[in-house]
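Below you'll find the structures, each written out as structure tokens.
Note that chain A is present in both complexes that follow, paired respectively with chain B and with chain C.
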Partner chain A sequence: MQQRDTTILTRPNLVCPAGTPAALRTAVDAGADEVYCGFQNATNARNFPGLNFTRDELRESVAYAHDHGARVLLATNTFAPGDATGLWRQAIDDGIRCQVDAVIVADIGVAHYVATRYPAQRLHLSVQAGASSPEAIRYYCREFGVKRVVLPRILTVKEIKAVHDEIPCEIEVFIFGNIGMMAEGRCSLTNYATGISTNTDGVCSPAHHVHYVEDGERNLTTMLGDFTIDCFAAGQSAGYPTICKGRYFAAGRDDEYYAFEEPRSLNLTSLLPELMRAGVSALKIEGRQRSRAYVQAVVSAFRKAVDDYLAGREPELDSLLALTEGHKETQGAFGEKRWR
Partner chain B sequence: MISNTSERVVAGGEEAESAGSGPPPLFLLPVQIVLARLVRHIAVRRPSLFNRIGLHRSKQFLIVPTNLPYAMLLQPDPVRPTLRAVPKQWRDYDARITGTALTLLAMIDGRSDGDALFFSRDLRVEGDTEAVVCLRNALDDLDGSVADDAAALFGPPGRMILSGLRRIRRERSDT
Partner chain C sequence: MRAKLTIGPNLFHWPAEEKRDFYFQIADEAPVDTVYVGEVVCAKRTPYFEPYYDEVAERLKRGGKEVIFSTLAEVMIRRDSASVAALCALPDAMIEANDASALWYLSGRPHAIGALMNVYGEDTLSFLAGKGARNFALPAEISAATIRALAAKGGELGVGIEVTVYGRVSLALSSRCYHARAHRRTKDDCGYVCELDRDGLELRTLQGKPFLAVNGIQTLSHGCTNLLREIPELRAMGVTGYRLSPHSKDMVAIARLFRAVLDDALSPLDAAPRLAALGPSMPFVNGFYHHVEGYRWVEA
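Moving on, here comes the complex of A and B:
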């Protein structure tokens, strides 16, 4: 087996998703260092029906994680609208009472609440905050004591290294899963189509606005509200019914096309060593809306890949293609800037 | 899912009449008794299942194994849960979930990811999307599998059959 130079690789935390307590236990058992999850309301960006944690579930899950040497991060990473900020403060209070190891925030007001009310609480800055420059990140560190920033998926590995050298906090990057438009925390497409905001209600393409229509020949049409998102021929791999992944007709074009981006999933397995050398402290897997089966497969694969790289072994990369959207993968902007 | 309204899907016309929203054939009576016992057994053993289903407890889920002769109609009401065999063309439902028996078993077992099965077109969902998402999440949060609960109800033969089905599923997914 080929050996690799490990002298400059540092061990990153593997940060894994959990939409349910069972998924959290699965992630911990599969080798997660940290698991992120949220409450059953608009305070987190995966506010999907039947998903997420009650207070009691979170308390029990934190105990399970701690017993197994893992940490739990509470996602309170949506933006509090003017008439409902109490919900976010309550989520912070309850999460800290449940002894979560860190809270992930996007909203400056929520960050301020954590920093002033719970100054000893570890604070992470969500990808939803869209902080991508050293200046912006340093501001959050200085004003709110942020200890880790989750970088938006718009930077190359070289740029991540440059940011790392200029900031006083840890860096977390997404390495696998759903990849959205490069306007994280600012996307209003769902709001336009349904009146429900991804950023303040915590849900992209809410299920009660989603329709699937399949004809007798198994051609599938996906719709969000009154908008047709995409049509898939029989046997063709489908994608999520999200507007940014849809195919549309447009003036000047003869055929429908992906006006924003194609349905495909991020997979940075082969870039892991470069990310570690760039100083990335935490590798994040997307997918709180996915099943235990997904969590088990993806977390296990990345646990093994990271450990192999650290041990100087070239990992045999398990194919995760079957779990990807549209059965396609991309390195997104991490690989090249021209990706859209 | 076909129509994503909170209204139940009820097709009209001759097709609906022939497909039947009426009683299924009498020869299914033993099956109905077993299914009724099964769903009550699971409801007693897994009360947490209903928490995640939330407001969709009164919804009718038509579960259609494509390679079996009949479908199942589930109403996950914690007080009075029902599960019964109906013709596949049954038209009175809120949400319809369609896949092969092994695909559906893999989902119930927590061995396959529902989104991945949707991407690959192995799983079809019509009707009330939100209700299906809730049911899927509720099943996925269970430790173990309701398939094990069901098999245990029938003792060693039940467990043997389930074990056989899982073996077939593994062999097929390996190929």
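Moving on, here comes the complex of A and C:
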């Protein structure tokens, strides 16, 4: 086996999703350094029925993680609308009482609340804040003492390195899972079609607005609200209807096409060493809505991959492709600029 | 307080002379108080119109309009950062921030907050007002109840609250250029194909239903916001500014209609059919305001 130069690889934190206490324990057992989760309401960006934590569950989960040497990050990363800021303040208060290790926020008002009320609390800037330039990140560091920024999935590794050199905080990047085509925190497509806001209600493409319509020949049309997102011939596997992964007609083009992106998952496994060399401190896996089995498989695979790279071994990476959406993967914007 | 009528930043890549002439006409003929100038969607477009900034700003000021420069909404690479830095360095200019990059420069001195900044709640509004924000153009997707709360807070703090009452809605930003993609190109090699569509490139569903409009990295609604009939309610809430987002329509005539309604010289019901006659190619929508699907039209 070929040995690699590992002298400049620093050990990154593996940040894993948990939609339930069971998933959190699974992620910790599978080797997560940090697990992120949210409360059962609009204060987090995965506000799905049957998902997320009560206050008691969070307290117990934090204790479990701490006992096993892992940390818990609370996602309070939606935007508090109008005068409804109480719910977000409550989530912060509760999370800190449960002794979470960091809170992840996007809303400037919520960030200000944490920074003034709990100045010692470690604060992470959510991808939902859409901070994609050194100046924007420095702004959040200066105003609120942000310690880590989760970068939008829109930069190449080279650009991430450049950002790293210009900011005073840690960088976290998504390495695996669902890939949204739009800048996070800046998308109202779901609201336009369903009346539910991703930014303030915490849901993208809500299941109760999704319809599957089958015709006499068993062709399947997937819809969000009143809008057709895609059509599938009988026997084809139909993807979940998300506006930015649908097919459309554009004026001046005679074919139906994926106007934004094909349904694919992000998989940056092969870029891991480059990301580590670029100074990325935390590698994030998407998927709080996923099953325990998925969390177990993905977290342990990445744990092994990261440890292999650190030890100078070439890791086995093929198993992760089986877990990607429709078994199709992409490096998204991270690989090369031409993706844009 | 007299309601301000404003012309928001032009979201589209019109040929530079055409854009210049648009602003000249607004300067000379439109009954508006404030005009926002500047490229907010794509920094690659900036070199085309930037040479006209001085001329346009001068003409607008001569026409009695306040000029505010609006910054790029998505700042990713050095070219983008440079564009924001340059605007924020303009001497004696009022700048509208559409991204936290601009706040890095503007915080601590008087500035404005653009509709592409996420100001949803009163805590955010209060914080930014405390750092020098004097006017807030609210995000497009918020409902009447949220506008009411923010307008009340704005009144308390003595800052302006502006609502977009006309134009296609900005629904999303991306790093990828969908105009280029529609033409089988990439962003770096785009050939400026966005110039072909004065109001965006229409996307239809597979069943032929108009849905969205592509404008470079931005995705807009197919429907066009029209809050003409909601103006009395907005005024009662204390909303101070009424923004028209430019389209390739007769914006002077559209501004005159809204001005007449704001001045109580014309009832919203009488103005509505006249507005429809000026912009027939896009259906009107007001769903976000009424807290339903954004594409819907709710009879007031």
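One rule holds in what follows: the second predicted complex is superposed on the first by the 327 of 340 C-alpha atoms of A that agree within 3 Å, B and C clash if a C-alpha of one lies under 4 Å from a C-alpha of the other, contacts with A are read in each partner's own complex, and residues count from 1 in each chain.
The rule is short, and it goes like this: a residue touches a chain if its C-beta (ideal position, glycine included) is under 8 Å from a C-beta of that chain, and two chains touch if they have at least 3 such contacts.
If you're wondering where the values come from, they're calculated on a predicted model, not measured in any experiment.
After superposition onto chain A, the modelled positions of chain B and chain C are compatible, with room for both. In the superposed model, A:85 makes contact with chain C only, not with chain B. Touch criterion met: A:20 reaches chain B, while chain C stays clear of it. Contacts of A:235 after superposition: chain B is touched, whereas chain C is not reached. Using the contact criterion defined above for the overlaid structures, shared-chain residue A:300 touches neither chain B nor chain C, since it reaches no partner.
Once the two complexes are overlaid on the shared chain, A:109 sits against chain C while remaining clear of chain B. In the superposed three-chain model, the partner touching more residues of chain A is C, compared with the other of chain B and chain C. Within the superposed three-chain model, A:191 lies in touch with chain C and out of touch with chain B [touch as defined at top].
Here the smallest spacing between CA atoms of chain B and those of chain C, following superposition, is 17 Å. Counting contacts by the rule stated earlier, no residue of chain A appears in both its interface with chain B and its interface with chain C. Every residue of chain A that touches chain B in the complex is listed here, in rising order: 19-23, 25, 48-51, 206-214, 218, 220, 232, 234-240, 289-294, 297, 322-327.
Interface residues of chain B facing chain A in the complex, by the touch rule stated above, are 1-4, 6, 52-54, 56, 107, 110-116, 118-121, 124-126, 128-130, 132-138, 140-143.
Remark: chain A residues 79-85, 88, 106-110, 112-113, 129-136, 138-140, 142-143, 152, 154-155, 159, 162, 181-183, 185-189, 191-195, 197, 199-200, 221, 225-231, 243-244, 246-253, 256-257, 259-261, 333, 337-340 touch chain C in the complex. The part of chain C that touches chain A in the complex is made up of residues 73-78, 80-81, 84-85, 99-101, 103-105, 107, 116, 118-128, 139-142, 145-146, 148-150, 153, 169-178, 181-182, 186-188, 196-197, 201-209, 211-212, 214, 219, 221, 287-288, 291-295.
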